[in-house]
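Shared between the two complexes below is chain A, which has chain B as its partner in the first and chain C in the second.
And now, the complex of A and B:
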C-alpha cells in the first residue's frame, strides 16, 4: 500500500485576527518583492525606489497629511459600496453616484449665497446624499421590479453621470468669468470645508470616519444589520425568515449610493472648490477595489483606504526619481493583485493530507 | 502555520522599518528655496507636472519637448517630471513637493492646475510658476499658449487644396473657445483655398479618448470625408486614417509614426526656446509674470515636414501663407460671418485677442453637429 502526500486548501472555520492582519501585510511585501524583480531588470534600485515611495507617502508630516487627503474620498466611497456588497448587491455605480453627489453639492453651494458655512455644508451634504441616493435607486428599482442585473445598470449609469457633469460644466453651469474653460464658478468661502492642522486635511475626514463607525455599528450590532448579512449570505433563508428582501435592496442601495455621493461632495467642497472634469480621477474606480480588499468591513475600508492613498501619493513621488509612470503603475498594480489574490489565504488554509493509493 | 506567519510578519515589519529608515532628512514644513543668494551660476531646478501620460499624449509631448530642450540648451539646469496628475488633489501636492525639493520654477501643463498654481504663487513669491494654457497670471506666474489659429490657417489652406471630395473631417476635443478658435482658423484657410469645401466637425468630448476618437474618425470617413484633421492628443485618428487610406493632418507634434503614408503634415507647437528665455530671466531676477501668446515669429508655430503626397504648388501656397503670417497677416480679418449668417467681424476690422479667446460661433463652412449649439 502506498501513500501519497499532497497539499490542499481547506476553508477556515474561524478566522483569527492575526491571520486577518498578517495575510495582507505578507501580500504587500510579496508585491514589493515581485516588483523589485522588474525594477532590477530596468536598472533601478528597488530599495531606493521603495524608500522614496514610503517616505513620500508616510515619511513626513506633509506626506502623511496628503495621504490622509487622498484617503478621505476613497474611504467614504468604499465604505458606501461595501455596505451594498454586504448584502451581495453589487453597487458598481459608486463613480456615477460620486459625480451626482458632487453636482448636487455644487448646485447647493453656488445657490446658497450668504448662508453660514455650517448651513451651507449641511445643505450640500444632504443634497449630495439624497440626489446620489435617488440615482442609486434606479438600478435598485430595476432589480426589484424586473430582476435586471444591478452590476450592468450601475456600470452604465456611471457613464450617464460623468456625461451629465460634462454637459453641466460645459453648458449651463459654466463659469461666466472662467474664460470659457469647462468648469463651474469657484465656491464661496462658506462652501469650503474647514481644513485641519494647517494642512489640506479637511473636515471630510470626520464625516467619513463617522459614516464608517455608524455603518460598522449598524452592520454588526443591530437587528437590521443582521438582516442585511442574512440576505447576503442566503437570500432564500432571509425570505423564509420573513425579511423583506426587496425593501432592503431599495433601502441599502439608497444609503450606499448616498454615501458614495457624499464622497463627491467632500472632494468638491474640501479640495477642488469647484466642479471640473477629472476632479475625482482614481477615486471612483478605486472604491470597489478597496471595498473588496477590506472584505466589505467598514473599519477595514478605512484602513485600506489609508494604505491605498499612500500607494497613490508615494507613486507620484517616485516619478521624480525619473521612473516612467508605467513602472509606477506596475508597482501599484502588482501590490493590488498580490493583496487581492492573497486574500484567499484569509479564508482558506493550506493543509497537508495523505491519501492511500489502492493495492498493488 | 502560526509560526510561519509570525516569522513572515516580523520580516514584513522589519522590511518596512528598514525602508522608511533609509532616508533621514524629511522636509516637514514647506519652505521656499533660498533664492536670496542669486548666484547667476547656480543650478536652477525646474519641476514639470503633466496631466497626461507623456508617451500617449501629444499635447503633453509639446511641453516634454520643451523640458528636453532646456536640458540640452541651458547650462546649470536640472529638470524633473511627474506625469499623469489630474487636476484636483494631486497637482498641488506634487508642486509643493517640488518646492520642498528646492525647485525654483514649476511648470504646469493643464488649465485644471490654474487655481492651485495661483494660490501657490501667492504663498511662494520666490518661486516662479509657468502654466501651459489658462489666462490668469500673477507677478511670479506666466501662462504660455500660442496663436494657434495661425498654424490651423496654414493646414486649412493645405486641406482645402488637397480634398477631392470637398468634405473635410475635423475631430476636436471640447467645444470651448480655444478649440473653436483653432477650428475657425482652419476654416478660414479652407474657405480661401476651396470655397466649395465643407468641414464636418465632431467633438470627442475629451482631450485624449482613443476609443471615441476612433469612432469619430470612422464616422467622418463613412460620411465621405477624404481628409481628417484633428485637434486631439491621442494617435487614434491617425491610426484609423492610416488603415482606411484617408489623408490626415496631425496636431501638437508630428504624428507620422502613426500614419506614415497618410499624414500630410501636422500642426506643431514648440515652447523650448521661449521657456529657455524664462529660465534665464529667473536666473537674472528679471522674470515678469504675464500671459504669453506666442506666434509664428516666436517659433512656437510650425508645420511638420510635408509628405510626398503634397504637390509643389500646394507647398508654395502654404509657404506664401507662412510668409504673410510672419509679416503680420491676421487670420480673423473681416468680413467674417458665422454659420447662422450673422456678421461677426466687420470689413476692415480684425477680431481682437479677447474676442478670439471667447469665440463661441462657427464660420459658414463648418458643419457642426454639437447638439448644444453655442450661444453668445
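And now, the complex of A and C:
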C-alpha cells in the first residue's frame, strides 16, 4: 500500500496570544520582502527606501505627528464599522456615513455663529452622529423588513452620499468668495477642534480613543455586548436564546454609522476646517480593511490604524525621494495583501498528513 | 412472472458509526410498483443511493436485467436505465419545463426550442403527465415540479424509476395523480420503486413491498399476502429491549401547558400542525411518537416561541402566551432542547462557558447594572461540568472539541438550571451512545420527579416506552390519539404512526 504525504489547513482550536501578535508582524515583513524584489528590478535599494519610509513615518516628531493625524479618521471609522462586523452585519457604508456626518457637522458649525467652542463642537458631534446614524438605518431597515442584503445597499448609498456632498459644495453651500473651488466657507474658530502639542494633531484623537475604549467595554463587559457577540457567532442560536436580532441590527447599525459620521466630523473640524472635495479620499474603504485586520477588536483597530497612518505618511516621504506614486502604492498594496492573506494563519495552522492509497 | 430488472444481492454498507445495509437482497420486476418500507434510519435511502451510484457498497452485487452491472456514478446508473427522483427537486427555477428537461443532456448541442417542446409534449402525453413544456418552473406548484423531475428521467430513457418519499411534499389530490402516472409507466414496462413510511400509500398503490429495519431486510411480499397490521409489526419489529426506566407516577393535577386548536405553518407555508389540542401536566413525561417530518419540529418551535402560531392558543400555567416572545417564554419557565443540536442550541466555535451562558447571562445572578460577570459564567460552567459529568477540557475549551453526548449534556444542564416548568425535548438522544443516552434519560426523569412537565418528541419506541407516562402519536400535523403508556402497545402505535388507525384509549385512565 502506498502512502501519500500532503499538507492541509486545520482550524486552530484555540488561538494563543503569541500567534495573534506574530502573524501580522511576520506578514508585514513578508510584504516588505515581496516589494523589495520589485524595488531591486526598478533599480532602487530596498533598504534605503524602507529606512526612509520608516524614518518618515515614525523617525521624527513631525513624522510621528503626521502619522497620528492620518490615523485619527481611520481609527474612528474602523472602530465604527468593526462594531457592526462583530455582529456579522456588513456595514460597507462607512464612506457614505462619513460624508453625511461631515456635512451635518459643517451645517451646524456654519449656522452656530457666536457660540462657544465647546457648544459648537458638541452640537457638531451630535449632528454628525445622529444624521449619519439615521443614514445607516436605511440599509438596516431594508434588511430587517425585506431581507435586503446590507452590503449592496450600503455600497450604493456611498455613492448617494458622496454625490450629495459634491452637489452641496458646488451648489448651495459653495463659498461665494472661494473662486471656482468646490468648497464651503471656512469654519469660524469656534468650529475648529483644538490642536495638541503644537502639531496638526487635534482633539479628534481623544474623541476616537474614547469611542474605542467605550466600545471595547460595551462588547467585552456588558449584557448588550454579550448579545452582540452571540448574534455574531450564530444568529439562529441567538434567536433560540431569546435575543432580539432585528432590534439589535437596527441599534448596532445606527451606532456603527453614527461613529463613521463622527470620523467625517473630526476631519472637517480638525483638519480641513471646511467641507471640500476629496476631503476624505479612501478613508471609507481603508476603514473596512482595518476593521478586518483588527479582527473587529476596537482596541486592535486603534493599533492597526496607527500602522496604516504610518504607511500613508511613509509613502508620502518616499515619494519625495523621487519614486513614482505607483511604486509607493505598490509597496502599500503588497503589505496590505500579505497582512490580509496572512490573517488566515491566525485561525488555521498547517498540518502534515498521510493518506493511504487503496487499490493501486 | 416478468423478468427481474433490478437484483441487488448481499449489499453491505458500513458508515463510520452505523452499519447502514447489512447483507440486503432486493429484487424488483418490470411492470410493478415496489414499495420500500421502513422507519427513518432503516437503510432505505442508502440502498437506493447504492443502486443509483451515489454510494458504493462495501460488498454485494447489482444485476440489471440479469447482467452484472458496475454502477459507480449516477451517470452509470442512467446508462442502465435507472433514474432517481429526489425529495428535494433539482430544477432551475427561471428556466422553462422543456429547458430543465434537456439540461445536462450532453447530446444536445443546439437548443431547438419548438422541436424540444414538441418532444416533451409527446412524452408527457404518452405517460398522461399534464404539463405545459413552455411554462417557467418557478410558476409551477410542487406537484407539477415533481412531474418535471419525472419527465427529466423519462426523457433520458430511464425504465427503472426510484422515488424518495415522493408524497412527502404533495397534497392528497397530487398524490392520487402521481400514482396514476406511475401506474401508466409500469403499464409501459417500467419498474417503479418508491421509498416510504406511510402505510396507506403502500396498501393503496404498491404491488409488492420490501420492509427494511435497522439495515437488514425483514421481508419481501406481495400486497395480497399481507395487511397493515403485519407491516406495522415488521416495520417497528423488535421487542422492547430494556425495561421501564421511569417507574414512579408523579403526575399531578397541575395543568402546566394547554394547547388549543394550534395551527402552525412550515417553511414552505404549508400547514404542518393542524388544529392540535392537548395538555401537559406537572410531573409527567408526555411522549410524541411518530415518523419525523409530521409536524413535530414546527410544534416544538411554536411552543418555544421561535415560530408563530397561525391560529389557536398556547396557555402556560393559566396565562395565554401565544403572542409572547422567546425571551419572555424562557423567563416564564419554558426550556427547549431542539433537535438540531448544533444548528440551534450550541455554537461550536464558542467555549463551554459561553455556551452555558447564552440564556443565563441576563439573569440577576450573572449580571448587575448591565455588566456581565464572566467569572460567574465560568463558575457556572464548572458547576455544570461537575454535576452532569461532562467530559471536556474545561470551561474555556470549545464545544466543537466535545463529543455529541457531552454536548447534549451541556444543553440539558443549561436548560434545567433554572428549574423550568415545561421542558420541550426533541430527539434528545439522537446519535448518542448507550451511556450518554442513559444519563440524558436520567436527567429527564429527575426533572419530571421534580414536578416539571416534559414533552418528549422521539422516533424511538424503546425510548417512548421506557420514559413516558402518556404517549401521543403525531401524523400529518395531528395527534392520532393520546393514551396512558400502560394502554399502548407496539402494534397500535405502529399503525398510528403510519396513519392507518387512531389509538383508542381512555385518556383519563
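Here, the second predicted complex is superposed on the first by the 347 of 360 C-alpha atoms of A that agree within 3 Å, B and C clash if a C-alpha of one lies under 4 Å from a C-alpha of the other, contacts with A are read in each partner's own complex, and residues count from 1 in each chain.
Everything below uses one rule, namely that a residue touches a chain if its C-beta (ideal position, glycine included) is under 8 Å from a C-beta of that chain, and two chains touch if they have at least 3 such contacts.
If you're wondering where the values come from, they're calculated on a predicted model, not measured in any experiment.
Visitor: Just from the overlay, do chain B and chain C fit on chain A, or is there a clash?
Guide: fit
Visitor: Who does A:61 touch here: chain B (first), chain C (second), both, or neither?
Guide: first
Visitor: In the superposed arrangement, which partner chain does A:20 touch: chain B (first), chain C (second), both, or neither?
Guide: neither
Visitor: After the superposition on A, what does A:243 contact: first (chain B), second (chain C), both or neither?
Guide: A:243: touches chain C, not chain B.
Visitor: Compare chain B and chain C by how many residues of chain A each one touches, and report the one with more.
Guide: B
Visitor: Would you sort A:222 into first (chain B), second (chain C), both or neither based on which partner it touches?
Guide: It touches chain C, and chain B stays clear.
Visitor: A:230 in the overlay: touching chain B, chain C, both, or neither? Say first, second, both or neither.
Guide: The second partner, chain C, only.
Visitor: Touch test for A:117: chain B only (first), chain C only (second), both, or neither?
Guide: Neither partner.
Visitor: With both structures superposed on the shared chain, find the angle between the C-alpha centres of chain B and chain C as seen from the C-alpha centre of chain A, to the nearest 10 degrees.
Guide: Taking the centre of chain A as apex, the angle works out to 130 degrees.
Visitor: Between chain B and chain C, what minimal C-alpha to C-alpha distance in angstrom results from the superposition?
Guide: 20
Visitor: Where on chain A is chain C touching in the complex?
Guide: So the residues of chain A in touch with chain C come to 13-14, 221-226, 230, 233-234, 236-244.
Visitor: So in the complex, which bits of chain C are touching chain A?
Guide: Contacts found on chain C: 304-306, 325-330, 336, 338, 343-347, 349-350, 354, 357-359, 361-362, 367, 370-372, 396-398, 400-401.
Visitor: Please output the residues of chain B touching chain A within their complex, sorted ascending.
Guide: 1-2, 5-6, 8-9, 11-13, 15-16, 19-20, 22-23, 26-30, 47, 51, 53-55, 80-90, 92-94, 96-98, 100-101, 111-112, 115, 134-135, 174-177, 205, 357-358, 360, 372
Visitor: Could you please specify the touching residues of chain A with respect to chain B in the complex?
Guide: 18-19, 21-22, 25-26, 28-29, 32, 47-48, 50-52, 54-56, 58-63, 66, 69-70, 163, 166-167, 170-171, 179-183, 186, 200, 267, 271-274, 276-282, 312-313, 316-317, 319-320, 322, 324-326, 349-350
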